[in-house]
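In order of appearance the chains are A, B, C, D, E and F, and numbering begins at 1 in each one.
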Amino acid sequence: MKKIAVFPGSFDPITKGHESVIIRAIPLFDEIIIAVGQNPEKRAMFPLEKRLGWIKKVFMEVPAISVETYSGLTVDYCKRKGARYLLRGLRTSADFEFERSIGQTNKKLYPEIETVFLLTTPELTPINSSIVRDVYRNGGDASRFIPDGIKL
Amino acid sequence: MKKIAVFPGSFDPITKGHESVIIRAIPLFDEIIIAVGQNPEKRAMFPLEKRLGWIKKVFMEVPAISVETYSGLTVDYCKRKGARYLLRGLRTSADFEFERSIGQTNKKLYPEIETVFLLTTPELTPINSSIVRDVYRNGGDASRFIPDGIKL
Amino acid sequence: MKKIAVFPGSFDPITKGHESVIIRAIPLFDEIIIAVGQNPEKRAMFPLEKRLGWIKKVFMEVPAISVETYSGLTVDYCKRKGARYLLRGLRTSADFEFERSIGQTNKKLYPEIETVFLLTTPELTPINSSIVRDVYRNGGDASRFIPDGIKL
Amino acid sequence: MKKIAVFPGSFDPITKGHESVIIRAIPLFDEIIIAVGQNPEKRAMFPLEKRLGWIKKVFMEVPAISVETYSGLTVDYCKRKGARYLLRGLRTSADFEFERSIGQTNKKLYPEIETVFLLTTPELTPINSSIVRDVYRNGGDASRFIPDGIKL
Amino acid sequence: MKKIAVFPGSFDPITKGHESVIIRAIPLFDEIIIAVGQNPEKRAMFPLEKRLGWIKKVFMEVPAISVETYSGLTVDYCKRKGARYLLRGLRTSADFEFERSIGQTNKKLYPEIETVFLLTTPELTPINSSIVRDVYRNGGDASRFIPDGIKL
Amino acid sequence: MKKIAVFPGSFDPITKGHESVIIRAIPLFDEIIIAVGQNPEKRAMFPLEKRLGWIKKVFMEVPAISVETYSGLTVDYCKRKGARYLLRGLRTSADFEFERSIGQTNKKLYPEIETVFLLTTPELTPINSSIVRDVYRNGGDASRFIPDGIKL
């Protein structure tokens, strides 16, 4: 059976932290789907098309990685895609408590799913999308926090 | 003096975690008031009447438990009800830090109040109302996370 | 049925934090047993007799409080005493994670037991027995951290 | 070179916790600028003029302390003011994780900046502006949580 | 290239938590080596032979899993075995902070290694080897915390 | 009055993390005393002379920094040296909770003392002396974790 992982998120925008986790996870799976959730409750700063375009640009030379959008329950999307793995990065212990609740709930809803966590690298531990948005909104240079080659 | 405890919350909706904490606290108090706070700043997903109805249904055969709504400061409500105890469940260390600030502030405002904490059971530790709402909003089956016999 | 709570610990030595939690818990129970565990794996700084003597002195005028020693599993001791409650104070989130594991394990071993947590008061949050021992060992004045009227 | 520290925040409203950290930091710096950030994304409860007025009243007799507003990136403001230090108080471990991300990001954006943290005093650890607003909004007496001499 | 993972630990003794993480990780790797570290600084409660025997019994029908002992640096052992993955379970945020330091240090020492984390299941979250030893030492029934079919 | 800070620790051994915090704190104080505590309860891995020698070598060209040993209470040592500041680095939230207890206790014992915290840099966040000892004990190359120019 093909090992398919879904990396769900809003990627508003994709950061070097996301990029690093995904690249390190490539050898672990046959296919990784970066799944951009469309959550009507959570207004994104950057339009969906931009967010998708940036991710595509970052991984365009990696055939094992695809980018999609989804709505509804993440585990339902995983079922539709035949994915048995969720991929997530862990930065801080606050992250961890949140991810544990989500991960254990997902497993209750779909017992075949397994959430696989990789660590961020130390240099990238302070960075998340919310901090990148904050730097950007205030006119700072966010380019060092996002993958090379993309421009907010 | 009657031992009266108030379990304050928005119960949006009540979860199996709430139910478990309240049931285990029954022998500790003469009376437990489940107090649904009306907070104009925090928009609930489910209408107040539904939230109250669910709680009443869950505990209708327990005479020591009543359900009320309140607005204003929780400790002022406790004073009006003659309650010397606040009852809360603890799930995670993030919960704990939040509850400690609230609990210690309540004691400053009303030194006779004591917040009494019980642990969630391990199986219910990942579940809170916010996760239940998320499952519900996305079309998932939230019934396993809420008390038996109620329907969102 | 009498509501009996056991407050287990090594009390090496008893601190103002312990004292505050126990005093505030008195109205909640009919009887509180302060149970000094004899753990051959954990060498105490102060001899058992001294530790017991200090606790007795602090609570000698409170008939609902007694002091005992025990060995073996805490929940087995609770069963022998007819106690359905364990009483513990919570200071920090590190404390909480430790107490949650112990509390949930105790409930697995003895489903009738309930651990009841009270918060420390803000002023006493930094203090625990280990810090008191450290101050004492280094010749500092630990008297402000322990109950009035006792002397290390 | 003059040692200038910026204490950034929204001070909505200033609390006894802020006051205590700033007073204890005075001997460490030649000048402390309390910088009230104007963040269009975050609606304050109290109008900017009131917030500034309260801070000025609290520190009006301390020549080393001034109060200003700023918008844009905090580190850009620090550069403009010639400030090499950011001053922050630490209350809880949740605070810490948040402050670490911000502090390490600020240093990436402006390597000459150093964030200096002081601890809150134990009595003030439960208090933050959000809790003060909550007490105020619900008609409670918030005066014990804010500096003497000011009135919400 | 074969995907080999090492699950290092002292397994003093193996718990249902370890067992659950390892079983769920089987489809992710071609081979999992359970590596019992021999650490002269850390005295185990159970003799090495017993610890190895229990693990072998638990996984004897899983050809992809083997059990070995090792000494020295974990990453040096991984290099010798051709393993590019370390496998670990995550229970609590205290665990997480510890594991993050170890995992990020291992990556500094051996950049090709990746630590892969799975969550414990909620029911097993309170259990670790130290709690099992504590129950056992005090004459409690630890059998519900360790894999079926083994006996301490 | 001269601003004197004491950076207390066992420095078993000094790490790049310590070095980075101390260097960044130099402009904040007139004098920094690195104070190696002699704690008979805590056996160090490296002999005191070696630990002192390494620190001296690292900072020999910085006149504002001196190295000393001390025993007894840290705040008593600070009083003897006329130091009003304790300097500490913060890595993780587990660190923070520990440091907060120590820092708030020190202030109770000596109200004039202020603990000043700086953050580690992200790259050095995983490293502490205990991890360095672990790498060293197991024959790993610990040189990248300790200051340049010293050799364990």
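Simple rule for what comes next: a contact is a pair of C-beta atoms (placed from the backbone, for glycine too) under 8 Å apart; a residue touches a chain by one contact, two chains touch by 3 or more.
Being a predicted model, the structure only gives us computed values, none of them experimental.
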item: Chains touching both chain D and chain E; value: A, B, C, F
item: Comparison of C-D and A-E by number of C-beta pairs in contact, larger one; value: A-E
item: Most distant chain from chain B, judged by the mean position of its C-alpha atoms; value: F
item: Angle of the C-alpha superposing rotation, chain B to chain E, to the nearest 5 degrees; value: 180
item: Separation of chain E from chain F, taking each centre as the mean of its C-alpha atoms, in whole Å; value: 34
item: Between chain C and chain A, distance of the C-alpha-averaged centres to the nearest whole Å; value: 46
item: Of all residues in chain A, the ones touching two or more other chains; value: 92-94, 97, 100, 103-104, 122, 125-126
item: Set of all touching chain pairs, with the criterion as stated earlier; value: A-B, A-D, A-E, A-F, B-C, B-D, B-E, C-D, C-E, C-F, D-F, E-F
item: Complex interface listing, chain F residues touching chain D; value: 1, 3, 24, 27-28, 84-85, 90, 93-94, 96-97, 100, 103-104, 107, 114-119, 121-122
item: Residue numbers on chain F that touch chain A, as the complex places them; value: 92-93, 122-126
item: Touching residues on chain A, where the partner in the complex is chain B; value: 41, 71-76, 93-94, 97-98, 100-105, 108-109
item: Interface residues, chain C side, partner chain F - complex; value: 92-94, 125-128, 131, 135, 137-141, 144-145
